[in-house]
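Take a look at these structures.
Shared between the two complexes below is chain A, which pairs with chain B and chain C, respectively.
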Partner chain A sequence: MSRILVAEDDPHILRLISMWLKRQGHDVLEARHGLAARDLLQAEPVDVLISDINMPGLDGLELIEAVVPAGLVRRGVVVLTNRWDHGEIRTRLAAWGVHVLPKPFSPSRLSELIESLTSSDVTEPQA
Partner chain B sequence: MSLHESAAPDQYLLRELMDGLSLPGRASGLSLGIVGSATYPPLPPGECLRTCLDGDPGEVASRGCPFLAGAARNNIDLKHLRDGRCPKDYQVAAQHTILGGEPAVLITVEGKPETRGATGNLPARAPRGAAEAELLGHLDTAARLVQSVGLLLEENQGFANEVLQNYEQLNLIFDLTQQISQVTDVQAIERLLLQRVARLLVSECVYLLTSTYGSAGASPSQYGSAGASPSPNECRAYAAGGDTQGPKPVPPISPDEVKAAADFVRRTRQVHVRLVGDQHVIAGPLVRLDDKVDVMLAVRRASQGVFYSGDMMLIESVLAFGGQIISNTELHERLRRMSLEVTRAMVSAIDKKDHYTSGHSERVGFLTRLTAAELGISSAEQQNMGWSGLLHDVGKIGIPEEILCKPGKLTAEEFEVIKQHPRMGYEILKPIASMGVILDGILHHHEYPDGSGYPAGLAGEAIPLVARIIHVADTFDALTSTRSYRRAFGIEQALEIIREDQGTRIDAEVAEAFFQALAAYRRDAPDDFAARFARVNVAAGPRTGRPSEREVEHANP
Partner chain C sequence: MSATQTNDAPPEPGSHRRGLLWDGMLPEALGLCLVAIIFGGLAAGYLVTDYSWKQQSAAAHKAETEAVAQAMATALGCVADADGRSRAGEAPDVAAGPRTGRPSEQVELLMRELGRLPGLRSMHWTREGEAPAEPYREGEAPAEPYWEGEAPAEPRRDCSMVVTVAVRTLGGEPAGELRVERSASADAGYRSLLLWNWGTPTGITLLVFVALYRRLKRHLRPMVAIERNLHSCAQGLEQELQTLTLSDSLGRAAQGWNHLIEQLTQLHQRLQEAQGAEQADVMARFEGAVFRRVVDRLPIGVICVTNSHTISYANASAAALLQRGPDELVGRAVDKAIENPAVMQAVVAAQARSGAGLSVDHTSRDGDQETTLRFRILPVSAQSPSGDALITVEDISQLREGERARDNFLYHVTHELRTPLTNISAYVETLTQPGFDDEQTRKECYNVIVSETKRLSSLIENILTVSQLEVGTARLDVGEVDLTRLVRQMVQDNLAAADEKRIDLTLSLPPKVPKMRGDKQRLCILLNNLIGNAVKYTPAGGQVQVNLEVAENRLVLAVSDTGIGIAAEDQAQVFDKFYRATADAVQAVPGTGLGLALAREVARLHGGEIHLESELGQGSTFTIELPWPTSDQKVTR
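On to the complex of A and B.
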């Protein structure tokens, strides 16, 4: 079981991802925007952060910039983003070793990613 | 843990309610559960349960647990609980009742009065008589609500699963669209479709049966003769002629069944599901160019489950989309071939008309492209320029043969007729050629930088680049060819003549690029170069000396 924070401004998608992950036995935290996510992370780090890019307040990129270098995400970050800004986002995120899934994302791919992030022996992939 | 996270939400809510109803006594309370429901069996009241579970597993009756004994007396199956013991001084009663419309058991646990006195915080008594009936009524209402909440939550979970599954499929379709747009050959598209359908439909195997499958001469027994087993999610197109490389997968269903499914799909043009033995088969039409119908057929093992209407919709939309793409690609290829053939026919018509120029068009096209590449022009534009070079003399079709092939000097009138060929070529191709650059090259390939050319008398940069390139290539090839009115110059001489005309009759910059390109070609592909220009040294032997003014002037009509 891993501790996962999902940051997503669409409440239905948020709920859906959250249910999906809980059913797989993860401990899931939900945040409707980047600021809430940052506050939750500052209170307690998580294993995996799943984040949208376009969010009000603090967007996904800013959120990652704020929490990843601070060591608040232990295993890895998965970004869900629209297809049309896929390439550009991927380039910007490459520096942090962030995984990118284009929307509509594949739930099975997301599970695989989380599995691979959390089962590896590497404790600090966000070097 | 909250309601919507509970695996059995109604039971969860029920227990919460029961706990609320229990007075704050340790081991007293009520428990309620649907009889015979494996999912939500009656549970003993909280504290009693804990007490019971402290005991050793074993026979219920001999443990002296009144709760479990009560349950046993009433034939209530409590196997899911660990056997154990309750303190002897508790009264346990279990009674049948109706709850939420279903038979249920109400269990009450009550401490004896003397124990009550000892602990001091046990309830005075469990509900009895009218009060109990009233309580049961409330519980019944609560149970109905709880059940409907449970149903809603289950439904919600079901919807969520469906949405997630749709996400999965949508994701695959998106990927397919993206990948297909980058593929230009039909077989690659077919392969991609097969792979994706196999993944989308979680099938063991997927086949594409070409429109000739099952027709005379294409024996269905060829099907899967090679003997390799099919691997999950990895499929190959199977054509009746056996046109795929590598071992073919063994068909999980018989050739007759394959044919029957394919025939049905061809006849109805609809997606079709059938059970063959214990395998599930889905087949759908892939409509290609000229209304030919291929059939895509996917097979699931019994354990992979039946194909639902969602699967049918999926294969239908993927095949409709795929068929469109394949048709367009095939059409595009057909048109491309056709235009190539038409062009070849035209070029050969020009070359037949003026047999001295045999191969001239092809060489000018080639040299034009070479020079364009040297100038750093994009490859699509190079191709268009090459076409223009190939067709630059198409207007000669309209020039009388006696003038075109006249040995010796042309009269001024005859020369005026010759000068019409760029315009004629332009007029001939205008209705066909959609590329401006092709027409530009044809119309202006006799313009000179100093403005003394024809037909428009354009000068310098006003002459389209393609025309300036063709002009150099054309001049070079004309000089190195034997014509009706003179013999050929050698390559070095031709280059020298062009060099002398740089800036006046020949665009200086383009000529430089031409020299570079030709030198590189000669150096890098000497055999190819020799073959292409073999005639220069062989046919008539190189001429020496500079051509007369008149010869250069229409060295390349």
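On to the complex of A and C.
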């Protein structure tokens, strides 16, 4: 069981991801915007961070750049975005080993990705 | 048509009535000459005949008449002698003359015998010492012996003569004188003489005239051909000069004419060549001036660059776009006039290879204003001997702004479409997975799918409406609308969302609201956006008040909330499409930025207005005023 934080401003997406992760047996934390997510991470680090990009207050990129270098995410980061410039996002976040899933995404694919991240001992950065 | 054509055919009848030559007096002169010659010949023949005949006949008649008169005088002398002896008592001498009757009867008888001479008109014997006797009258007894014959019936020619002979007796005594008057008439000799003298000059005259006519006609043929050609030229016929040449067989006049035509052709060719050269020069100068004026007035900048990279020409637009004076560009180097090295490189490349045109965009900032100029360096034409390059300058700032607006629109549209699409897709997949088959999860999934489908449908409807408004094709489906019922329905639709946030959503309606004319569907969009926004941007526990009033000539709908409010700097832009305030409280609420833009356009299409009163953190009031009673004329169709 891993500790996973989901930062997503859309309540339906947040609810869906939470359902899937809980079914896998993970401990899921939910945040509706970037500031809340940062506060939760600063309170206690997580294994995996799943974050949207467009969020009020602190967007996904700023959140990642704030928490990943600080070691608040141990195993990996998955970014969900409906922006069409996800290639640029991938390039910008390449240094942090971030996985990018463009919306609409498949919950099964996300579940497999989380499973791979949480089952491995070492985080493998993805270019 | 350069082939030589010989125009020596005889003229068509009547085709030269107005000929230059025949307009003269030549035919009339020839006719008069002919008539004069004929009459002259006739007159000459007559005169010659008459004169000759008189000369010939007069001599013969005179001799004959004198002989007759002499014989008569001899006879009268015998009668006078007998009369003398009778009066003296002597017996008449029969041998000396007639003795029957009176002497005068004898004389008359003798005269009758002698008077058968042709043309003899009268004979008078006047006795010595007596006055001339009266002419003898028919039926009267002559007082004196004389005789008067009958005149010719129709004397053709008068050749009268009078012969007087002395009468002497046998003894030689004078017994008076005998006067004989005779006239000669025309005879066959006269007619043949007349025919000869008259016909000969006439015939000679005709022969001469015919000869003259034939000779004149031969000389006139080239003149007629020349006249026809001149006539054609005078009528402006499209004929080349070479077609006016004549056959040399027509004589020296035709040869002279052909020589004249040849010289005229050469002169005409030289004139055309000279005119062509001059016209080309004038046209080149004219076109150059015209094109120069046209280029000067073009809204895009045009710059000509020499092969030494110096500007040789720049129109007014180029100077204005480059923020230079009208005369500052000409003579400058390109890299000094245009401070972008890429432009200079493009000019060099264009002059080097004459390939496809190059384009360089140059963006500059002046405070908040961003200006983008696009330089197009056109390839040097192969026909240009100087190797000039052409640069056009355009201000594409507005184009860039439009591109940004388009990109922004697409960005928002795709973003907003992907959100409900992601939910629908993800929840549908969830329903298909084992482990999510409990009743509560399935119900939750179905609810999300239904609500997100509605959201997607509404979003698409809003985007289509915005697109119609953008291109100006939005039209209202005008009908009778019960606004009270419509407002109540929209409040009802948003009641669930308000209840979820424990928002007090209230509605205030007047006792009686008349029906209005409008587009029910569009009015639903307007009301739903205003009431929905009020609920969305009002924190839990707040209040939303919908109030409808009927004023004198308008309906006033006010939607007030105790929500987050709108900052003063955002209030002017909240009605722009896709505009959303940057405040976190706003960004925390999902939205497209289309709702207020649509509300304003729908109000405008109904002839109404929308107003905003808001204070950040205190709430907002959107007021819509619709004209009432609403006439079709006030509603934009």
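Please note the rule applied: the second predicted complex is superposed on the first by the 121 of 127 C-alpha atoms of A that agree within 3 Å, B and C clash if a C-alpha of one lies under 4 Å from a C-alpha of the other, contacts with A are read in each partner's own complex, and residues count from 1 in each chain.
The rule is simple: a contact is a pair of C-beta atoms (placed from the backbone, for glycine too) under 8 Å apart; a residue touches a chain by one contact, two chains touch by 3 or more.
Keep in mind that what you see is a predicted model, and the values were worked out from it rather than measured.
By the touch criterion stated above, A:56 is placed in contact with chain C alone, chain B being left untouched.
Applying the stated contact rule after C-alpha superposition, one finds that A:32 touches chain C and leaves chain B untouched.
By the touch criterion defined above, A:82 lies against chain C but remains apart from chain B after alignment on the C-alpha atoms of chain A.
By the document's definition of touching, both partners, chain B and chain C, reach A:20.
After overlaying the two complexes on the shared chain, residue contacts for A:9 are found with chain C alone; chain B is out of touch.
Among chain B and chain C, the chain that touches a larger number of residues in chain A is C. Legend: residue contacts after superposition of the two complexes on their common chain; A:90 is shown touching neither chain B nor chain C.
With both structures placed on the common chain, the touch criterion links A:106 to chain B and to chain C. 15-16, 19-20, 83, 104-108 are the residues of chain A that lie in the contact sets of both chain B and chain C, per the superposition on chain A. Residues of chain C touching chain A in their complex: 411, 414-415, 418-419, 421-423, 425-427, 429-430, 433, 435-436, 441, 444, 448, 452, 584-588, 590. The touching residues of chain A, when paired with chain C in their complex, are 9-10, 12-13, 15-16, 19-20, 23, 32-33, 54-57, 82-84, 103-108.
Residues 15-16, 19-20, 22, 83, 102, 104-109 of chain A are the ones touching chain B in the complex. By the touch criterion given at the top, residues 5, 157, 160, 163-164, 167-168, 170-172, 174, 178 of chain B touch chain A in their complex.
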